[in-house]
Amino acid sequence: MDKSILVNASPLPGMPWEDRPAGGRHEVLWRHSANPVIPRDLTPTSNSIFNSAVVPFKGAYAGVFRCDDTSRRMNIHCGRSVDGINWQIEEKPVSFIKTDSGIPDSEYKYDPRVVFVEDRYYIIWCNGYHGASIGMGYTFDFKEFFQLENPLMPYNRNGVLFPRRIGTNFALLSRPSDSGHTPFGDIFYSESPDLTYWGKHRHVMSPLGSQSLWQSTKIGAGPAPIETTEGWLLLYHGVLNSCNGFVYSFSAALLDLDEPWKVIARARPYLISPQKTYECVGDVPNVTFPCAALVDGDTGRIAIYYGCADTATGLAFGHVGEIVSFVKDNNCL
Amino acid sequence: MDKSILVNASPLPGMPWEDRPAGGRHEVLWRHSANPVIPRDLTPTSNSIFNSAVVPFKGAYAGVFRCDDTSRRMNIHCGRSVDGINWQIEEKPVSFIKTDSGIPDSEYKYDPRVVFVEDRYYIIWCNGYHGASIGMGYTFDFKEFFQLENPLMPYNRNGVLFPRRIGTNFALLSRPSDSGHTPFGDIFYSESPDLTYWGKHRHVMSPLGSQSLWQSTKIGAGPAPIETTEGWLLLYHGVLNSCNGFVYSFSAALLDLDEPWKVIARARPYLISPQKTYECVGDVPNVTFPCAALVDGDTGRIAIYYGCADTATGLAFGHVGEIVSFVKDNNCL
Amino acid sequence: MDKSILVNASPLPGMPWEDRPAGGRHEVLWRHSANPVIPRDLTPTSNSIFNSAVVPFKGAYAGVFRCDDTSRRMNIHCGRSVDGINWQIEEKPVSFIKTDSGIPDSEYKYDPRVVFVEDRYYIIWCNGYHGASIGMGYTFDFKEFFQLENPLMPYNRNGVLFPRRIGTNFALLSRPSDSGHTPFGDIFYSESPDLTYWGKHRHVMSPLGSQSLWQSTKIGAGPAPIETTEGWLLLYHGVLNSCNGFVYSFSAALLDLDEPWKVIARARPYLISPQKTYECVGDVPNVTFPCAALVDGDTGRIAIYYGCADTATGLAFGHVGEIVSFVKDNNCL
Amino acid sequence: MDKSILVNASPLPGMPWEDRPAGGRHEVLWRHSANPVIPRDLTPTSNSIFNSAVVPFKGAYAGVFRCDDTSRRMNIHCGRSVDGINWQIEEKPVSFIKTDSGIPDSEYKYDPRVVFVEDRYYIIWCNGYHGASIGMGYTFDFKEFFQLENPLMPYNRNGVLFPRRIGTNFALLSRPSDSGHTPFGDIFYSESPDLTYWGKHRHVMSPLGSQSLWQSTKIGAGPAPIETTEGWLLLYHGVLNSCNGFVYSFSAALLDLDEPWKVIARARPYLISPQKTYECVGDVPNVTFPCAALVDGDTGRIAIYYGCADTATGLAFGHVGEIVSFVKDNNCL
Amino acid sequence: MDKSILVNASPLPGMPWEDRPAGGRHEVLWRHSANPVIPRDLTPTSNSIFNSAVVPFKGAYAGVFRCDDTSRRMNIHCGRSVDGINWQIEEKPVSFIKTDSGIPDSEYKYDPRVVFVEDRYYIIWCNGYHGASIGMGYTFDFKEFFQLENPLMPYNRNGVLFPRRIGTNFALLSRPSDSGHTPFGDIFYSESPDLTYWGKHRHVMSPLGSQSLWQSTKIGAGPAPIETTEGWLLLYHGVLNSCNGFVYSFSAALLDLDEPWKVIARARPYLISPQKTYECVGDVPNVTFPCAALVDGDTGRIAIYYGCADTATGLAFGHVGEIVSFVKDNNCL
Amino acid sequence: MDKSILVNASPLPGMPWEDRPAGGRHEVLWRHSANPVIPRDLTPTSNSIFNSAVVPFKGAYAGVFRCDDTSRRMNIHCGRSVDGINWQIEEKPVSFIKTDSGIPDSEYKYDPRVVFVEDRYYIIWCNGYHGASIGMGYTFDFKEFFQLENPLMPYNRNGVLFPRRIGTNFALLSRPSDSGHTPFGDIFYSESPDLTYWGKHRHVMSPLGSQSLWQSTKIGAGPAPIETTEGWLLLYHGVLNSCNGFVYSFSAALLDLDEPWKVIARARPYLISPQKTYECVGDVPNVTFPCAALVDGDTGRIAIYYGCADTATGLAFGHVGEIVSFVKDNNCL
């Protein structure tokens, strides 16, 4: 049924799906009953584990996790899991082999995404290089990692690669920022023939006004876009600036398959906003921040990993077809 | 006994009063045991229900509620209840009939108050008109609602009508603001012979200093003033600017019956500050914000509805006479 | 010729007009050759004399002047002149007789406008009352001055009365502000039957964007609107926020005669911006700020008094008809 | 064993120690199972009790507590306890006898420390005198309190006296501040021969960068330094500026015994950060702020009192020797 | 003599050089005696002409000029001159032919540079595209202009192309910015094989501290780098943030010929700071901002065009060899 | 006559006095006709020379001058003059011999004052030590200079020593600051028996409000106080925060001879505000900042050296007796 809109989606093994809760309000996405599924203190030195990237890998799961340690140093760590919920995360951060000796060192790394394109897994993260920049690298096996040039100039965050080329070029979403906490932010699109040189930058989406306040201060791409017959399904976060700070919610939009900087539809309501205690209380209160979305090609089910209060990692379930319908039915364009 | 100070107060039917909890510290106001009595998700599309106005109506209760939806659009909705606790709130916002075609449209509505004056129920709210302004309207039956001119210029919030004329004029409290989160705010008083033209603006109260820090950043009127032989009893909120944002508490003052811009007494301590989890955790942490106060003319008991963390609605009980004594005994003037 | 568009304009005696300079660029307005015509130190204690209001009076000229003294106290002073250029300004500020004993005292007064309506000269100024507010008063003879209620709530500046009633009501332009230097500002319109109670507030104009940057931060009414067959001619200032502070230029718009909150046309370019040394250097660099415009009913000539660098007062000449044409030809609506 | 590094430490009577919890991650410090051991409402008028100072006194415990009352007035109160956990705190604030009639009155007092030096107990607090300043006084018996001159100029906070003279002078740590919430802050050292005149100011430590973000915005001394053979053990708090406000964690450093402005070692990770609900939720979310540390000379055990969310007081246990090792093993210098 | 360090420099015809003034302090650069050589009102609608780019062209001079009009719209205009001082600037802005239909429109254009590379003249400017971005185009004849893709993401300013490829790639300097007046700013280097796709971003220089305050807030490249045997000579501006706003001065650095992100030497003192009235007074006080530098291959003389107070254009003379010596002798690295 | 109020004033040799200009407004202080008497480029590398300290010395004049060089490094330089107007200023900064090896190095020095006390000349300046601090030293001969401990904690500026002990202690005025441009500032008084240890800090004066706006943001002591029979005559600067930055004016107050933190009288008007081009235009526009005042004991005449626009040094003349009368006649207390 609704899986029919999926393009090139593979079966997803072993994920311990939960059904939508009976009773209460109908929810397009519902949280895992054991949330946060990845606790803050899973490794010996972690202060927090959140905003992390998971992919199916060889019949099980691999991931790259943002682990701040108890010095509050920000870095990304590799992890493995059989079921996507119980994880072995390495205590040492990912160590990248530079593909060119001129590639600068990173001051810090955070908020990774992982995307399989063609023959390998690309990691994109926020890379400290004279301020927040986009970092990029790849792995074939989650053992050896290779670092590429930063695709874009500082200051930029929330870089996300598309899972296939658009035309003959690689394609990337990002959000230009400033050197601080950044009270603004639009999503842009860029292309590259070779992952080193980037151009053809196109504006995609801006924050909205009083008709959709949860996304009124800034927005940023979440997981890699999901290809459907209806367009690229993009989960993205939005920020509301309350008198007591930023509130991070997330929802979805549909982008044109061939010209992804053109928005087909965009949901006015959020899908998830910080409402559970583990989303409202933590190192940064009131944050739900998705970085990975896994789709089961057999059923159209989707599992979304999202950071909770910048402290732990939650999991939410849904159906791709229902999310697409939600975007169309609540389109604010 | 203490009801004897009430002027023109009617019996209040069916309110499920709770007694002051035994043991612990003596509290002038005590919270309902089932707080928050109105949850955030009472309607199918509500993100939050708070800062709302309730009045006795035809032997039961009617109300106008601030309901932000899951797009975080702010609007006000009508509701009905037999006991003041279990509510049917309409999914559609209140639709106003303009009393004059020139009255501008509202960009948004929030933080309503409802006051019965002479022959009808007036609704006053924060009205989006080139920024935060005071909106005003009325209803006879909570079915048809009529909108009047904005009484005052932007930027203004927390408008509250007195329940009877002062001399021959209607009287209004308000708080001039700025176009943002407003780091200042005094209460002013204005008069009008006809609800359209307003003047004779008088300063009422300013924030205080280190002797009453909970009200040191800004203050604003809460429910409509309650007439007593001792003066108008005004419940009002105050804001403290901590390093982690605004904290909203509330307390009370007594205003002169004939010249209400003259403050007779003003409590230095708060009556309620955010201390319960549902007041400290939510869309805006650390907010208790009263918008309605119902008095039982037979007993002097009072039921105060207040917004909790900009998320849900709480209820607190007390006695008018005790609050008046509290203001006098803790007078900071 | 172009005077034919004037409505109810009287001859203007004795003004020492100067012709448009020959050569150079064609200017719609040209500066007086002896600018600044009113120097900063004309009275024994004045630090600066600027942003001032002049009217024809009994065959000569009267005026109300902003004179900051050498304590930098801001007040308004009465002055008389035969030719509009050589002035006797009183050393003592204007002393107002309160028309009602309840009218609050002023903390300070600045930026006056003077408008003749029906039978008297109204003075409107920025009045210190718990922050910047609009003050209002009148005189018949520039000897005795009477103070009215503040028409509007704080925080507000740049109040300007229309020279006749609109319908049966007095009409006022103003600009709601905040408690500081105010980085925003729209022009609003309000009405009153009696000058005490005000309402029917209407939004008139907002700042513009990159197509007219000189008016991109805030705008405010200048002199009283001038009635023409083409609409009310409103001279107004606009502010650009450069990296080194605010720049105040001015230009003009046409408002509907019967519904003056409706803008018929609005010039994209400025008429005058700070370019002369006495406009660029002074207590506040880069300010040209018009507060009075005198029209000669015989010829359509106009004399505009404007504050220069918040220090002295300049004079510029032009033709009403040419300004109206300029607004229409450069209309940005 | 590890007590052997202690210098001049006395036995600590009656403290109800708890052992390190079995299982889970190895913690250098562990929280008391009944935290927060001192609740916010222990006195009849307290809004909150936190950031407080405790010392062993005559076989039991005495303390000076920050109690904000329900007017949110900030003051310090004396208390007594047999076991260090159950406290009788006086309802009235400490009343100081001025040692010189010229000593200015305090506008408010908060964040006390208590240190025994030579023959008496010194109290050092944040003293309101034209802004936040350091206040200082002493007591012999916790009945009579005497106030000294402010040792330093405003604006300053977090003053902490050393428990003995350095050379022939008294020695003080402090943190120069501004008049607001202060987005910066280094620890400095000063000396005095007589507690009235201070000088020889020396810089001790600055905030760190991305390698220790929890202490990247400002730092301040906590309890009085503890003398060990390895140096002065200084517990201190650090602040991270998140997009939703300040986060207060704490850790430790070692200072040179003879020249305490020289840092021997400084831990990169925090020891405690706000992770428990009572540390994350309260009047100021996400604060753990130590003001007192009691050491048992017989065993080297340490009991640390720390403010929780600016609301209540928590207790944590550890061993001095382990903390010293932790500082050395995680030295970031 | 000093011309011997020039690489590939051509003779510069017809420039009316002036000698260094005799007497007074020895100046490395000296201003033209008729400064500002290009006045603000050279075209019929210009408010200001500054920050402009000039090149030798067919035995005379061509240029692209920033002309703000009297609406303060920012655009770039083509101009021609025989002697480099007397200019005919077109009243209409440059109209670009898009090289690809997908290239977005510009909201505004300002601060152009012009650089000859291989076979054509490239224009690089600040291009309004969802905020300040780098725009790029080219012309062969200063009649037809062609627009390329924006090379980099917003927010960025001060893009300058190198006059030849570095290795096989084009090379660009730029300064990432924020969406406002940007209180920070480093110079970065990027490369491209095809002018469409850009990468290999490298950090070049940051602002300095108290040893060179004129460049302590932000820095940005000025004219295109000049190739010498000693390295690329880069003229660049620096900004000091005084209590009364930004002050723009300029000086020079030497970059490695093959790896231009490596700085060989950098002058601590400025070469020119705003000291003349036409540099201190204008639309933005205290700005000297170079955008073009023309070198005479026969003599090593250099003519630098620089914006004055964001209002008019000045000209300064010097010798390349002396500037190189100045950088080396005053090297702050 | 008016010299009779002077205490301990010596004759002042060789000063080329100018009489008060005839005509115009009566001025208490009048500017030297050749102002600015010390130009910005007097030394080979000076960018500016201002905010400088001059004293009579051995029948001629000596001084310590703030010279920013063309790297905008801030330092203080010694100078000599026969007539107080024509100066030989040393190209090298003053080099201090530390009186104790532990005295920290200075990051920078600026805004010196020089005061003769007992047997030597003390220099007090703004000393870079982890932010703006007060530096102190002395000389006997303006050849050898000795540096003392910093008397006070950072952040502080505008330290000025009294010319004799108050009681048995040295006495100092200063202005606590923050780490930036400091939008606040009161004058405080401190004492020391030995110039090393300081205490007895007393608040002297705060900025004023709308009755004296020129001193409404912050104030700071100027030259050393002048002893008169009427009290200490203190010249001090005040700052007004306009929408285009800070404006520095100066005036005078009288302090109690024995308890100088008690203000006897304080002038509401300024004596000098920035009105001349050389005061309004320069590196920081609109600054007049006095650092030295020389009194002729024979006549009571006074010569005040003041910084002009943070660029050059001006000189103004007056009579001490007239200034004292001005303070009393315009007393705002």
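Labels A, B, C, D, E and F are assigned to the chains in the order they are written; within every chain, residues are numbered from 1.
Throughout what follows, contacts are C-beta pairs under 8 Å (C-beta built on N, C-alpha and C of every residue); 3 or more make two chains touch, one makes a residue touch a chain.
This one's a predicted model, so the numbers in the text were calculated from it and none came from an experiment.
Chemist: What is the set of chains touching both chain B and chain D?
Modeler: Per touch definition, common to chain B and chain D: A.
Chemist: Looking at the contacts, which chains touch chain D and chain E alike?
Modeler: Intersection of chain D and chain E contact lists gives A, F.
Chemist: Taking B-D as the reference interface, identify its repeat among A-E, A-B or B-C, namely the pair sharing over half of the contact pairs by residue number.
Modeler: A-B
Chemist: Cα centroid separation between chain A and chain D, in whole Å?
Modeler: Result: the chain centres lie 42 Å from each other.
Chemist: Going by the touch rule set out above, which residues of chain F reach two or more other chains?
Modeler: Correct list: 244-245, 281, 285-286.
Chemist: Going by the touch definition at the top, which pairs of chains touch each other?
Modeler: Chain-chain contacts present: A-B, A-D, A-E, B-C, B-D, C-E, C-F, D-F, E-F.
Chemist: Where on chain E does chain C make contact in their complex?
Modeler: Its residues touching chain C are 40-41, 44-45, 47, 68-74, 107-108, 128, 181, 244-246, 281-286, 310.
Chemist: In the complex of these two chains, what residues of chain F are touching chain C?
Modeler: For this pair, the touching residues of chain F are 24-26, 210-214, 216, 240, 242-245, 247, 268-270, 273-275, 277, 280-281, 285-286, 330, 332.
Chemist: In their complex, what parts of chain E are in touch with chain A?
Modeler: By the definition above, chain E touches chain A via 102, 104, 129-131, 133, 149-156, 174, 176, 178-179, 184, 186, 188, 190-194, 196-203, 206.
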